[in-house]
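One structure is given below, encoded as structure tokens.
Each chain gets a letter, A, B, C, D and E, in the order it is written, and its residues are counted from 1.
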Amino acid sequence: MVMGDLKFCPKEGLSRWVEELSREHTVLVPQQAGDAVEFLPFAEGSELSLDRQPTAPPKKSVFPQTETLMRFEYQKDPEHPDRQTLQIKETLPGKEKTVILGCRPCGARGFSVFDPVFGQGEYLDPYYQARREHTVFVSLACRHPENTCFCNWVGGGPADSAGSDVLMLPAGGGYVLRPVTDQGRQIVEVGGFEDASPEQQTEADRLAEEAAENLSPAPELEEVPDKLFELFENLDFWELMAAKCISCGACTYLCPTCYCFNISDEYSGLQGKRIRTWDNCMSNLFTHEASGHNPRPTKAQRLRNRVGHKFSYYPKLHEQVFACCGCGRCIKSCPMSVDIREIVLSAKEYADE
Amino acid sequence: MSAGNGRELRIVGFLCNWCSYGGADTAGVSRLGQPTDLRIIRLPCTGRMDPLFMFKALLSGADGVLVSGCHPRDCHYSEGNFYARRRLELAKRLLPTLGFDSGRFEYTWVSASEGKRWQQVVTAFTEQIHTLGPGPKFSH
Amino acid sequence: MKIGVFVCHCGSNIAGTVDVAGVAQAAKNFPEVAFATDLLYSCSEPGQEAIVQAVQEHDLDGVVVAACTPRMHEPTFRRAVERAGLNRYMFEMANIREHCSWVGKDKDANTRKASDLVLQAVEKLRFDRPLQAKSFDINKRVLVVGGGVAGIQAALDCADGGLEVVLLEKTSTIGGKMAKLDKTFPTVDCSSCILGPKMVDVSMHPNITLYAYAELESVEGYVGNFEVSVKKKATYVDWDKCTGCGLCMEKCPSKKAYDAFNEGIAPTRAINIPFPQAIPKRAVIDPTYCRQFIKGKCGVCAKVCPTEAIDYEMQDSFVQEKVGAVITATGYDLFDYRKYGEYGGGRYPDVITSMQYERLLNASGPTGGHIQRPSDGREPKKVVFIQCVGSRDKSVDRPYCSGFCCMYTAKQTILTKDHIPDSQSYVFYMDIRAPGKMYDEFTRRAMEEYGAQYIRGRVSQVYPYKDSLIVRGVDTLLGSQVEIEADLVVLAVGAEASRGASELAEKLRISYDAYGFYMESHPKLRPVETNTAGVYLAGACQGSKDIPASVGQGSAAAAKVLALFSKDQLESDPQVALVSQARCVGCGKCVQTCPFGAIQLAEDRAGNPKAEVIETVCQGCGLCTVTCPQSAIQLQHFTDNQILAEVNALCQQAMEESFES
Amino acid sequence: MSPELSYAYYPGCSGLSTSKDYEISTRAVCRALGIKLQEIPDWSCCGSTPAHTVDHVFSAALSARNLSLAEQMGSDTVITPCPSCLTNLKVAAHRMEQEPAFQQEVNRHLQEPCVNTVQVKSVLQALIQDLGPEAIAKQVEKPLSGLKIAPYYGCIMNRPPEVMDFDDPENPVAMDEILRGLGAEVLPYPLKVECCGASYGVARKDVVMQLSGKLLDLADSLGADAIATACPLCQMNLDLRQDQINAALKRSFRLPVFYYTQLMGLAFGLEEKDLLLNKLNVPAGPALAKMQQAAEAAAEQDAQTKEQ
Amino acid sequence: MKYVAELKAKIREKLPELDVVIGWKQGFDPVHASPAFMTTPEEIEQLVVNPLCVQNLATYLPGLKGKKVGIVARECDTRSIGELLQESLIEREELTVFSVKCPGAVDLVKLRQQVGDLGRVRSISFDGPRVTVETPDESSSLDLGELLPGKCRVMAYDEPVLADFRFVDPDQDTVCREEADTDLVALEQMDLDERFAYWRGHLDRCIRCYACRNVCPMCVCQDQCIADTRDPHWLSAETDVRQKWMFQLIHAMHLAGRCTECGECERACPMDIPILTIRRKLNREIHELFGYTSGMDVDAVPPLLTFQPEEKSITEREW
């Protein structure tokens, strides 16, 4: 890392920087709405809410809950109404740049789980690619880990830079800005900041370390993928784990790494659109087959899928990387306080017995 | 403002087949002139009228919704309109909380012989919707 | 799906105020519409043929006809569609006549509306599925409610046609209003001479079961399979034993009972047989006057009865009957003459109703056919008839013409002159309505041969003065006030719906108009049918009518029933509720609310409770569909998706708005 | 006694002059019954017959002013003894209720707009509906036993029914009930609501002779000792013009024509100053004497029965 | 709560007759309790009853039909049980109700507004109306009354609707109370346009996770909710406000006359959308129209599943 890359943004300079960025880009920043904190477009007077982990991660900026894949229209021949032609209109996202500012490192890291699925290999997803390419993440390193944080279990950390373009490290009444990518560097340049002083750098590192130390120690999870696999047929285990689960989608829809989707056509008269919407493996209808057969008729089987996918099937397909960034949203937003850590550890211990 | 003049608004009517649909027919047969805004959906009975159809119509841009069935005690199916009355009254009372004027929705009873009453209902309701103007929209 | 749209001109009925060709053109651009055209008269033979041809030529799967109300021609077009080889439920109608061309003046607005209505029908049709009717056995018995002349005629015609008939009469004898009349217009023949034999036929007919002094308690079921409960009111006389000898009536010491048959002009005995020709000729005790009931002692009738038929402990009893069709012939009642305070009816004894006058004229009446004033028994010399008492008057909520009063008043003036040659009749009238065979000639005779003096005008006041009644009114032809010192005033009371008509209608689930007269299915083309399958109308219950019209309707209703029963099985309407077993959670809310008991909880193969519809019992109201929160029970042909499709079709603009985002 | 009844009171112009006896006896009877009458301050004429034949708005404004004053008093009900005033007040209120535009128009003439919230009743209606015949009967000290009375309501007290909304428009019975409660014998008088000729007394006296003559004739033929009335104009035509009628029709009626309130007062035992019986043209004396005799005879018989 | 020991003893005693007893235990951190499904004496030992036990456990009952279930329930929770019994969605014979006097409840949103991020709370303790919260930075003493969820402020329950065993501490007061419904009052003070904007704004946040529905004890359609299907196609898969709003109306109308105002829908909403207000409004109208309060009488018929030929409180419009 080139030392000269590090800049210092004083606290009061932050909103000026955001304002500056918003001239050229859409800038999504955490803002309070009700008691929730959401990523909303920055507009004049917007108040940034950086103290709390945002309620929802920035997932929807790259992977919107509803993505229009195409529009179509039937055109009829007025002389022969039984003949019609289908016209299709492409709806790829534009090339305008979006900046996400103020997400946590775990939120940005989520996309590293998406990339192998949508952006690499044989099948590329142009919608995802276009948005991913044109979105810049400025992540704010965590100062105080919460009870639900477990990023250190899955390879992350309070100042993890994976997936981010710029890392903002709190220090000296402001932020040390650490560009991670070229795109990040360009963004930081827009702010015209001074270089960060060595003291500021040291303080930033110290605070990051402190935060890391405040996390509870990460358990050894190496055997987990296999053990979950072994537990696949053990429905008693899953029923016990799922007893209090109510099968809602709060965990899934707030998860930075869940990427399952559904595709449907919505019509009105002769026109319509094909849309891709988030799906949710907690739902009864998830991969429900047209025949009427449901591969996962019970909530136990569905919870097994969610945990198994994150901690077993995905890592087995993608270089042992867990499909989880440890943000803890699934735990704290669960109305019934289902704790995925507890399930993973139970699986590990169960297998041990 | 009189409903006949000016731009039409979108008014959706749900009528039971046996009484009010017949009442509207009677009005037609007697050539009792009415404003043209209303479009009628035929139901077997107001018991079939899910209040959610009303909400669906209003949220989809209808400016007014009118439900009409047999007078209480005269239901072709004995009890359909009794259930409907409870459901619809409740739904009507919820509207203002959602930000819709409760006058955008009315339910009433018109028998197959009451062509004149049907004309009166349609005219008064259409005027009422025109007084309220277009319903709230989700313009982006 | 390939849909054909046919837009009807209906001559100029639709085409006059709707651009019919424009609507057809617009329809071509509607989803899945493969063919659209306009037709001059779609219901005519060439119109229907055009539809059949188009279906076959263009290989259509469904048809929309935009024309009149489906309440009129839906069955016609369903048959046409079926002839073309489609399922009859792959059809929708857009009502662009009654709901559009006939009520809107602006042609552009009407055309837009008609287009919308067609689109709505097309969108609904896209969700139509072929439905198959189920056949079910029918019970070829018929219930006739009401034993007046219309009911008697209907019962006899059905019985002669080989059907078993259950005839219900609420009073203790059949005969109805006609049995009370002295003579009938315009022939002036004796009413009981022509009705009597028919009444006897009823009592003798092997196919007729008569329940007199009985009412309809409840009706369950549906066309072909009604189950009715008949309430036999307590008569306190065992009719199996009673021979109708009349000894009890002779000896009964309670002589102040109200005589309903004689319209209360004279009292009768507490135990009585209404008139000598009564069918059945059986005695009934009126407990409001009977000393045994009031004072707890008397028992004279029980003592004198030669067959020991008296039973003071008798209770109402109930009989269950199964029938396949019902003919309602409940007749009419008379307007309450007290409602006109100015005529003094009810206050002055010599102001009477026309029906009371009939009883005074009748040889079997309380005066033996001698006209006597109720107040003093004197023979009246000047009789004033006031017409339209409870007819054609909005102020008493009777704006309709009762139709027969002009005629019977003319008859009564003739009879008055016959009975009292030196009498003079005066008739206050509004208009003379005599549109029947020999009717107008008859009123002419009353005036010209019998010297009845007709005064065109209303009466403002009747009041007693010394020995007579002063009738003050206006002669609008002379433009002056008139005052007549009359001996007797006869009010020509109009007909109104039978008391209790609405309660019976509720039991039979038929409709009635604002005045309580039963609604026919179509005022011209289906005059004796109701909107409830298997229930028919005869006589004045449908609207005031005279004897020939009532008899005609009785026969017509009988013919309808005979036609209905000409098959051994009926087809049930397949527009019934259907349960999606996969979606039903077995909560039973539909079972709880179904008005017909058509839903029961059964178990699926896994033993889970699931709702199940009994198709032939379901009437297709759709109440269950709304009650079911997960919409697992759907009324076919009116499914959620179909109604939503219609809503979406009408609110499409808003839908399209969402596509712009 | 039921909670105190209190009304805004509109006496009407004739009450201060030609029908002073009606007005005074009304007040006296109400006082005896514990009914509080609060005279509308600064009330003005209702316009009588002339105003509404000329200008409906103006006529209604005259009444609306009085109604508005009553509203300002905080009263919810206005009562008046005079049917003619009653008609004007009620017609104005009714039309203003039916037609908001008309109300606006009327209110333009008024300093204080009429909100049209007060109810208008006749004194008779208030007595029968709010107090009830039993309460009135209870107050009777000297029953009018033996007095045969023809009750005559006049033609406008109950008509048109949709406006007046009280009693049977063709056969009213309110006054019958009160009189019966006083102990009098109330005759079935069929011409209760026939017209007396009203203000034709000025323009076409012959009409009044005919119409009022018929009323007297019927009462006489029924054997009435007196006529009871509730309308100043009727009373005037039947009483003041009785001599003229006798002359015109060559008859010799001597029928006293009481206001029903005078008869109430008599039965309640009120004094002459509250009844002004001496204002009647046809003297009440003979009729009252007949009643007196009947009463004495009855008392005697009563005493005899007791002795036995 | 002092009665907890007694409660545990009673559950231990009854456990052999029961398949499972549902109660609460400590959750993943000091401020979260979590439902506990107790089948062993060891699990009973983990049972807690305190103001953090906020979940209405009645929501699990319909899913356990056919099993013998014991349930620890506060007074308000028994109202939901009452309604489930009313609708025959559960069987009384299969149910054992351990009714506890409610120790009050903490609205975690209100707590967070007082003490900051809940993820940093080290400990929380209750002493009557006092709540003491420790974070690494400070220790705060709060009033439980101020932390009560809205649902505890509009209706007071002194006694359970039904109970097999009842546990009350001596001198224990009812914490919930009946006050004006401030949320609804505030909403009704807005004009219609503001109300429309209010809902459009709030519902825009909805992520269609259906936590509100799935946590609702009265949502008995289970996996067959019409929000999820295309037949019938009430909602599209789109995530525009119209769909979200329509869903809330579907939920509210399907609950009309059945909702027991347990407030779980609003508590479960991760996006803090004030959806209980709509249900409360309906309940208020139902009370006014039919004099009916759901769940309070096991034998009553919910008002939309019955009718009166003459509805005394419904004044129909004259035309």
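The working rule: a contact is a pair of C-beta atoms (placed from the backbone, for glycine too) under 8 Å apart; a residue touches a chain by one contact, two chains touch by 3 or more.
Computed from a prediction, not measured in an experiment: that's the story for all the values here.
Number of steps on the shortest path from chain C to chain E, with steps defined by chain touch: 1. Distances between chain centres, each the mean of the C-alpha atoms, put A farthest from chain D.
Between B-C and C-D, more C-beta contact pairs join the chains of B-C. Comparing chain C-alpha centroids with the centroid of the full set of protein C-alpha atoms picks out B as the closest. Here the spacing of chain A and chain C, counted between their Cα centres, is 71 Å.
Centroid to centroid, with C-alpha atoms defining each point, chain A and chain B lie 47 Å apart.
Remark: chain B and chain D have CA centroids separated by 51 Å (rounded to whole angstrom).
Distance between chain A and chain E, defined via averaged C-alpha coordinates, is recorded as 31 Å.
Multi-chain contact residues of chain B (touching two or more other chains) are listed as 56, 60, 73, 79, 83, 87, 138. Shown for chain C are the residues that touch two or more other chains, namely 582, 593, 627, 640, 644, 648, 655, 658, 661. Applying the touch definition to all chain combinations yields A-C, A-E, B-C, B-E, C-D, C-E. Those residues of chain E whose C-beta lies close enough to touch chain C in the complex are 87-89, 220-222, 224-226, 229, 231-234, 238, 240, 242, 254, 301, 305.
Interface of chain A with chain E (complex): residues 33-36, 38, 51-53, 55-56, 65-66, 144-149, 240, 243-244, 246-250, 252-254, 262, 264, 266, 275, 277, 280, 283-285, 328, 331-333, 335-339, 341-342.
Those residues of chain C lying in contact with chain B across their complex are 69-72, 95, 97-100, 102-106, 109-110, 112-113, 116-117, 120, 502, 505-506, 509, 511-514, 519, 531-532, 575, 593, 595-596, 619-623, 625-627, 635, 638, 640, 643-644, 646-648, 650-651, 653-655, 657-658, 660-661.
For chain C in complex with chain A, the touching residues are 2, 25, 28-31, 33-36, 58, 582, 648-649, 652, 655-656, 659.
Across the complex, chain C meets chain D through its residues 340-342, 344, 347-348, 461, 463-466.
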